[in-house]
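Shared between the two complexes below is chain A, which has chain B as its partner in the first and chain C in the second.
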Partner chain A sequence: MNYLTKNQLAIIIFFLPLVFKMSMLPSLLYETSGADSYFAIGLITAIEFLQMWLVLYVVDKGGIAGIKELYGKAVAIAISLPFFLVMGLKSVLFVTEIYVYVGDYLFYNVSFMPLIVSLLIIVCYLASKGAKTIGRIFELSVWLIPIIILLGVLFGKVKLYPQYLTPLFDNGFGTVIKGIDKYIIYAFDFSPLLFFRVEKKKNVRVLIGSLACVIAVVSCYIVLIASYGRATFLITDAFAHLASFNVVISEIGSLDWPSAILWLTTSIGNVALKISAMSDILAEMKIKKNAGAFVLTLAIGLIIIFLTKGFDPILDFATGPVKYVVIGIEILAPIIILALYAVKKKEVRLEAAN
Partner chain B sequence: MKRRIKWIIMLCAVAFFLFVGGKLPGEALGDRAMVVGFGIDVISDAAIKISAQILDPSSDENAGQKTQVVTAEDVTISGAMNKISEKAGHSVALTHCNVVFICQKLAFSKNFYSILNYLITNNYLSENAFLFAVDGKSEELLVAPTAFSSNASLYVQKLVGTYAVYNDIATVTLQEFVMKYHSLSGVNVLPLIKKETVEKEQSEQPQKDTQYVFTFNDVYVLKNNDFVGEYDRNAVLAVNYVNNDLNKGRVECDGDHNEKINLYLVDKKSKFDYDLDRKTAQLSIKAEAVLKEIVDYGDSDSFVDRTDLSEAEKKRTEDRIKDTVLTFYKEMQALDVDIYGLKDGFFSEYGKKASSLALADIELSVKVDLKVHEV
Partner chain C sequence: MCVYLQSGMAIFFYMDNDATKAIVAAFYDTADLIVREIRTEWVKADLIFIDAMTDSQQIDLNLIRPLSEYRGEKLDYDGIKGVATTGCAIRLTDVDDGIKSVSSGDAVLILEGQVIVFGVRKGNVRAISEPPTSLVVKGPREGFVEDLKTNMVLLRRRIRSNKLIFMSLTAGRFTETNIVVAFVKGIAKEDIVEKVTNRIKAVDTDGIVDSSAISKILEPRPYSLFKQLGNTEKPDVVADKLLDGRVAILVDGSPIAITLPFLLIEDVQVTQDSYNRNSRATFLRLMRVFAIFFALILPASYVAVQMHQYQILPLQLLITVLNASEGIPFSPIIEMLVALVFFEILGEASVRMPRHVGMALSVVGAIVLGDTAVKAGMLSSVTVLIVAISGIGIYTVPDEVGVISVLRMMLVIVGGLLGIYGILLSVIAVVAYLTSIDCYGVSYLSPFAPIEDESLRRSIVQYNLTDKPYRDPALGLFNKKRLIINK
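Take a look at the complex of A and B:
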């Protein structure tokens, strides 16, 4: 259930850091960093892939399952719990972003409660099915990209104003750092992979997926800023706007359906991957995976409906001091796991020598 | 066995949607009021009137696309749209709306952006929808019988679809409007539609029906929320020569022997270079044109039978383009209106160092390079 082929892994690596950077983040980041925002996002995405290599190295060593074998269940749970909190927080933020997209962009005049419930039912189902199913969905979704490109070539109307891409670093490097610092919660998103098994073969596709992701993210920001100039801060659904090419054809209306399907599928897949990993952690505490997925999605739903109540409060919380805890865990925990592997390896070597 | 169960469930699901799907709650396309264009009129200091041109789904397809104009008054656009939905008995859908008209009074008012903001942030309306000011009320334009189409909205769409961007036709989309509103210059050039009557003789009826054609050769210039003025075809030409989208249109010039020469523009590229120290902006326009027609109204026709321009004629054409651009720039500069967005250009190149630069100090020079293809 929790096994990813190397093809699925490469596609997930392409989509995982991409999806939530291309929706509301471009407008938010533009408000903070202005024209520097496309450089800022390129930089942080490139750095993010350093974490990915660390995570994949840990996965190659055996991941969390390996720690359980070497140190026992208690240590595995103890090392997993920080990830549990991180993925939980990100899931709340991202589910909120999805329902805002559905409620603001896809449908008008709809109540948020049924949207949240519908979304979470799908997330719960996918999470209970595990990484293999989610990986397959990502694999199928990737075919929408050529369709979007084809529609864009056939019908697209894009008018770009490159002068809005400069000046870069007009206020020094400070605005880049400020933007990265404020929205760093949107980066370092690979920790769910620690809980899955991946096909152990040399995988050049992962490198291709990483590079394609950085190029896609930066291109999205460049095209968005060159299209909307100083009004970029108004565009809250960046990918939907760009991938629909702003085309209305009298007979079929707007061309946004492939982009809507792609973004929804991959964003739900992203959250489902986190819930799936979290329910694996719960499974170690004798809570069945299906039950765990249900409890987690229910908890997320309740938090969104009764506690956070909207995107702004959860964004304020996630971009507050808690983001440093989250990023600290995302970066340090894989290093600690590696250290645990190294310690055990040394012990084994010493035992063998004795 | 497990696979068989999956297939059975899949078949049940397909059967369910085939036979019961129609009964599920939903809204068929035919049940929606498809708006193809709408107008905004100001009726008081705090109330607007919305006119929606709605496709009539019951109309005979062979009779063309018939529409009805439904109006409603409210303090907000969405409020008025709700009322239109109630009147039409269908929920209003903006997904097929490509054109928005605003009345003269709204263009003059300081609430311009505030009222249009709903359209800009409304994800259901395409940002590529064209925005036009109307000489008078937009409702009058929408209900006006048009000579070459079944309704005003589709007629305008057809015209701008064919001729935008033509060198003396002005167009702006909602996206361009909002982008320019938030630019450093804050200047928008809003196309102004004017009606011209044509008389249509009907064979079966003795009386004549008045029908209309529209012209798009005038513009309103706005600076942020302030109305600057109404300008004619020369202003449209000037803005379009600077606008990089323009690659078709006509250019006229006088021949060496006072012939009237018409050239067709087939390509044009413009590029600005900025020098902050000298406070100068240099606009280079490279244009390509095809010689279309030479008419000699003088006594002789010996200068007509040729396929190329003399160097002097080419120079005169280049000077005409240059003068058009510079004249409008100076007119706007005197009003402190950055019509070509030079401040954005300086800022793009020099950053905050250029922020103290005043428009009055910027000297614009124009260089035109025209290549004329022989036919």
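Take a look at the complex of A and C:
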């Protein structure tokens, strides 16, 4: 149920960091970092991939399941709880972003309650099915990329103004650092992988997936800035705007179906992966996975409906001091797990020597 | 005297021939049971059979006459083999087996307390003909019939190897239906064969009258909207699938063979493809996929656009749609549902009607009623057009018609309630559901999810036999090599 093949892993690694960096973040980052925002997002993604290799190294050692085997359930739960909180926070942020993005920009005339309820039903269903099903969903999503590229190549009319990208660091490197600092919460999406089993083979595809992701993210920011210039901060639906470069849509309607499906599918998959990992943690506490996924999705829904009331409050909270806690957990916790593995290995070696 | 049968029945009788009385009693004086006494100086025997199930000419010429005319020593089993001239004579040790043999159409001879079975079943089998469900322009036209043995021969003719195994099972307390699990030894996964046989054996029901009942037993999710087993009436298709490493199930009394594991993509590939040029076959496969997709999405999208996202239509198209729907008394969702229900009823009626009337009904329904509905202002012309396009598209993959028509209705309702967003979410939900289905260890959406590089190429692109050196990797077979070219 929670097993990913090497193809699925590579594809998930491509999509996980991409999807939420391509919706509202370009406009937010442009407000902070200006024309250098593509540089800022490049660094954010690079940092994210450094952490990804750390996570994959831990997964290769056995992940959280290995800690449970070596140290018992209590230690595994204790190590998992910080991840639980981080994934919970990011799930609330991302679900909010999905409904704002969908309801305000992608489709009009969809009221809030049906939108959020139907969205959460799908997320809950996917989360309860586990990594295998989510991995397959991501695999199917890949087929939309060549269609989008084909439409773009055949019907694309893009006017790029490279001068919008220069001069680099016009306002100094400080704005880049400020952008990275403020929106670093958008990095570190790989911690759910710690809770899944992954096919162990020498995997060049993971490397290709991660490189392709960095290139895709940075080049999309470059294209957006080079097209819209200072108006980029108004582009709150980046993915749709990128897709709308193809003129075929003006013939059959102003909606680029492949890109809308791709974004919606991968964003739902991203959140479902987190909730699935969280429900696995709950499963260690004797709560069945399906029930766990339902309770978590319900909790996220209630938080969004009754507490956060819109995207700005949750974004302010996530980009506030809490982001440093998130960074701390995302970097330190895998290192602690590795240390625990090393200690146990040493103990075993000493026992063998004695 | 009392005989206890294996079925638990106890039969009491006080007559000369115990076994005869036991069999007669077991049939409760049914009208079609014939007991022919042969009483000569040398032979004292009872021949029991069911009228019309046995070949009366064979019984007369090969059994009754030789036995009646026999002059010689007292007959026993070995002796009777030299007298009776039928091909098959088996001695049974159990009266229960004698009862089963009589039920199956054999003749049972009770001789000196011994039960001997003669295979004299009547061979009134429907002629082998082209199955109406899978008509082909080019290619083999033979189809399975209702007789199990004929169907086995049709397969054996195509795979003349001792590795083709027919594993025989029986199911149904009353029907005693013969079921055959066919596979090629050394290619098919034996654990799948074991799973299939265990599932069939585990079911103790009154009767199995058709392979559809076995399908429901074997499907991993029998209440699912999607069929998870392949079914075909064509022996060439089954033979091909057996060589691919699949397992086939034949049921006596049914011309439909079941194959498994089943992948959704199988319904897009048809045998006709191999008679087309590869480029044409590949193009047609893509067209089938697109046709199904549009048949599914188009009605719902039209409703969603009209009710929620009309602004995404370009002005010219919007004006056309508005002009067409002006004066229609129903909301777009009701209008589309009415049109689709009407189409479904029309389709169902033309299938049930006698062939010639059905043809006339289709023409009347499609042309006259559609046109009248538009002229009467009940349906818009665009709605009729969309339902017609969708209706044609759906039939490019005939095996999935049932699924698509139900999903299409559901999507129209969702599109009416939640717009395009709802349609997208529903498509994601359906795909998520499909990805979660595993049919006998193989993903239903394989080779697309999980991606199987080798089978991915050939799933859409038509290749020559010489370009397919390996069997479908999605099936996870141990014997993968299919092609060896001797240079």
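As a convention for this text, the second predicted complex is superposed on the first by the 347 of 354 C-alpha atoms of A that agree within 3 Å, B and C clash if a C-alpha of one lies under 4 Å from a C-alpha of the other, contacts with A are read in each partner's own complex, and residues count from 1 in each chain.
Here is the rule we go by: contacts are C-beta pairs under 8 Å (C-beta built on N, C-alpha and C of every residue); 3 or more make two chains touch, one makes a residue touch a chain.
Since we're looking at a predicted model, the values are computed, not measured.
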Superposition on chain A - do chain B and chain C clash or fit: clash
Partner chain(s) touched by A:Leu140 [first = chain B, second = chain C, both, neither]: second
Which of chain B and chain C A:Val102 touches, first, second, both or neither: second
Touched partner set for A:Pro114, first chain B, second chain C, both or neither: second
Larger contact residue set on chain A - chain B or chain C: C
Chain B versus chain C as contact partner of A:Phe306, first or second or both or neither: neither
Colliding stretch - chain C into chain B, listed as 165-173, 309-317 or 471-479: 309-317
Residues of chain A that lie at the interface with chain B and also at the interface with chain C: 108, 250, 253-254
In the complex with chain C, residue positions of chain A that touch it: 5, 7-8, 102, 106-110, 114-115, 118-119, 121-122, 125-126, 129, 132-133, 135-137, 139-140, 143, 250-255, 260-261, 264-265, 268
Contact set on chain B toward chain A in their complex: 36, 95-98, 120-121, 123-124, 126-129, 157, 173, 175-176, 178-179, 181-184, 245, 344-345, 347-352
Residue ranges of chain A touching chain B (in the complex, touch as defined): 104-105, 108, 157, 159, 161, 163-167, 170-171, 227-231, 234, 237, 240-241, 246-248, 250, 253-254
Chain A partner contacts - residues on chain C that touch it in the complex: 305, 308-309, 311-314, 317, 417-422, 424-425, 427-429, 431-433, 435-436, 443, 445, 448-451
